[in-house]
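Letters A, B, C and D name the chains as they come in the text, with residue numbers starting at 1 for each one.
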Amino acid sequence: MFIGVIGGGTAGAEILRMAEETGRLIAGHGCFLICGGMGGVMESSAKGAKEAGGTTIGILPNPDRHSANPYIDIPIATSFGEGRNLIIVRTADILIAIGGEYGTLSEIAFALKTEKRVIGLHTWEIPGVIKAGTPVEAVEMAMELLGQHTI
Amino acid sequence: MFIGVIGGGTAGAEILRMAEETGRLIAGHGCFLICGGMGGVMESSAKGAKEAGGTTIGILPNPDRHSANPYIDIPIATSFGEGRNLIIVRTADILIAIGGEYGTLSEIAFALKTEKRVIGLHTWEIPGVIKAGTPVEAVEMAMELLGQHTI
Amino acid sequence: MFIGVIGGGTAGAEILRMAEETGRLIAGHGCFLICGGMGGVMESSAKGAKEAGGTTIGILPNPDRHSANPYIDIPIATSFGEGRNLIIVRTADILIAIGGEYGTLSEIAFALKTEKRVIGLHTWEIPGVIKAGTPVEAVEMAMELLGQHTI
Amino acid sequence: MFIGVIGGGTAGAEILRMAEETGRLIAGHGCFLICGGMGGVMESSAKGAKEAGGTTIGILPNPDRHSANPYIDIPIATSFGEGRNLIIVRTADILIAIGGEYGTLSEIAFALKTEKRVIGLHTWEIPGVIKAGTPVEAVEMAMELLGQHTI
């Protein structure tokens, strides 16, 4: 299963800590983590996933594969700028949004439009987003919605 | 000036009426209308603009230029699906959102992320969206924000 | 009808002269000219079209509408880099390739793949490209293939 | 290292056999194989890579990750149609073109434009393409150009 993690390229310490824990839990469940491959929530969640032995995919906005953060195993260089967000949403089986500003809202809305489920952690409260209080709760919800047994 | 009109591919009668009036007013101010080129708010706003002698541009999701609604002067066939929404936002000087669901929210959020101003008519109330009550008010606001003298 | 003109962002004087004449003839036939909106063949062909009173559309690689050359009436800002070439091919009814290097070859090949006809003026000689010797011949061929009476 | 394999969605038996062997050799050198994820040369090369224990990435034209051929480990769903070809070229360190028609030519040209090296096996003979006679020769050339010791 591919779990998308979306959130800002910059974020406060608490959001980054939650992103890292979320990444760790995703990998712990044997799922792939897919994100935007850059800094902030993208980097922290990928770091967490790598620490737990997972596989990370980064869909980059720019044409250079080497612009990915150091925790990305499979960097995909798109050169499509923000258009790369649509690829993350299309590829993920479910998305976890952590913090974030307008860019994250845009991804949440696009995910809901395409009928992908979105779990929200300290993010925009839009009708349709499933609110979670902690990374553990967010990832457990994701596993349940995907019909996976949790560990 | 290029005024983007964003809104759903299907919409109720009152929203469509507002879209048509908005299109008419945009053309009346000598501005180009740019939209997604398909049905609903896109079609009604383009119809209004054409009735007032304006020029309409439709950025289509699919590869066939002839899929545009009949009120589009310049249909652009992208084959990029929802990715075409980014082109509307990038090209418009300012956007007017009318009604709409998740797709419109995604465009609003992307516009705000890229620092384009968004005027909202009976749409999502997101921080940063400038709320207008009527098409006249929406278009007057747009003209003022663009530094244009109103007629 | 929309005639696509493709060619390099830089080119020699003779190629640029042919591009300008081609643009002038396209406009003289009442057709819209669509191109990549930047310099070289794109700029010269748009200049010719404007001199003959035509309408020009430029599909730009970058997110800024104001990066278009000064002869573009309808600049479309995509932020999709080279991906914008696909939009030119999809939107055009027929394409005229003038000079050009690898970028032009890529557009020619993509056009042929999507079953758009391509007329070539001093460009790559690929099976499927219809070779013309002069701008007059290229535009006459285009009109004939589109079933338009020539002036 | 990421080796891109490009070629037609349908192909004759000899081309498919070469694609499979090429995939097997790429994996044997410990490289990732990236391709368009669909049938023909894409499927045969991915099959060969999987048989040799490699990792395969498929950049899909459509929005459904499950449309990938069965030999793709990491399917990326883009919904960008042919625009996905640019992502393959941008992400690969070097490309091997096998057989192919206009779509392959378009990718070859785009790769050369962006200064990626292209090795050709029974494909278009365009200036800049490095011609190889066999899969072994193609993959050895790729490794040498990438500065890898061959096995």
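One rule holds in what follows: a contact is a pair of C-beta atoms (placed from the backbone, for glycine too) under 8 Å apart; a residue touches a chain by one contact, two chains touch by 3 or more.
None of these values were measured; they are calculated from a predicted model.
Using mean Cα coordinates as chain centres, the one most removed from chain B is D.
Both copies, chain A and chain D, contribute mostly matching positions to the interface they share, with over half of the numbers common to the two. The distance from the centre of chain A to the centre of chain C, with each centre set as the mean of the Cα atoms, comes to 41 Å. Inter-chain centre distance (chain B to chain C, centres taken as mean C-alpha positions): 28 Å. Chain C and chain D have Cα centroids separated by 31 Å.
Shared interface positions of chain D, i.e. residues touching 2 or more other chains, are given as 63, 79-83, 86, 114. Here chain D touches chain B in the complex through residues 63, 79-83, going by the rule given at the top.
The residues of chain A lying in touch with chain B in their complex are 80-83, 86, 101-103, 105-107, 109-110, 112-114, 126, 128. The touching residues of chain B, when paired with chain C in their complex, are 2, 32, 57, 59, 63-65, 74-80, 83, 86-87, 90-91, 114.
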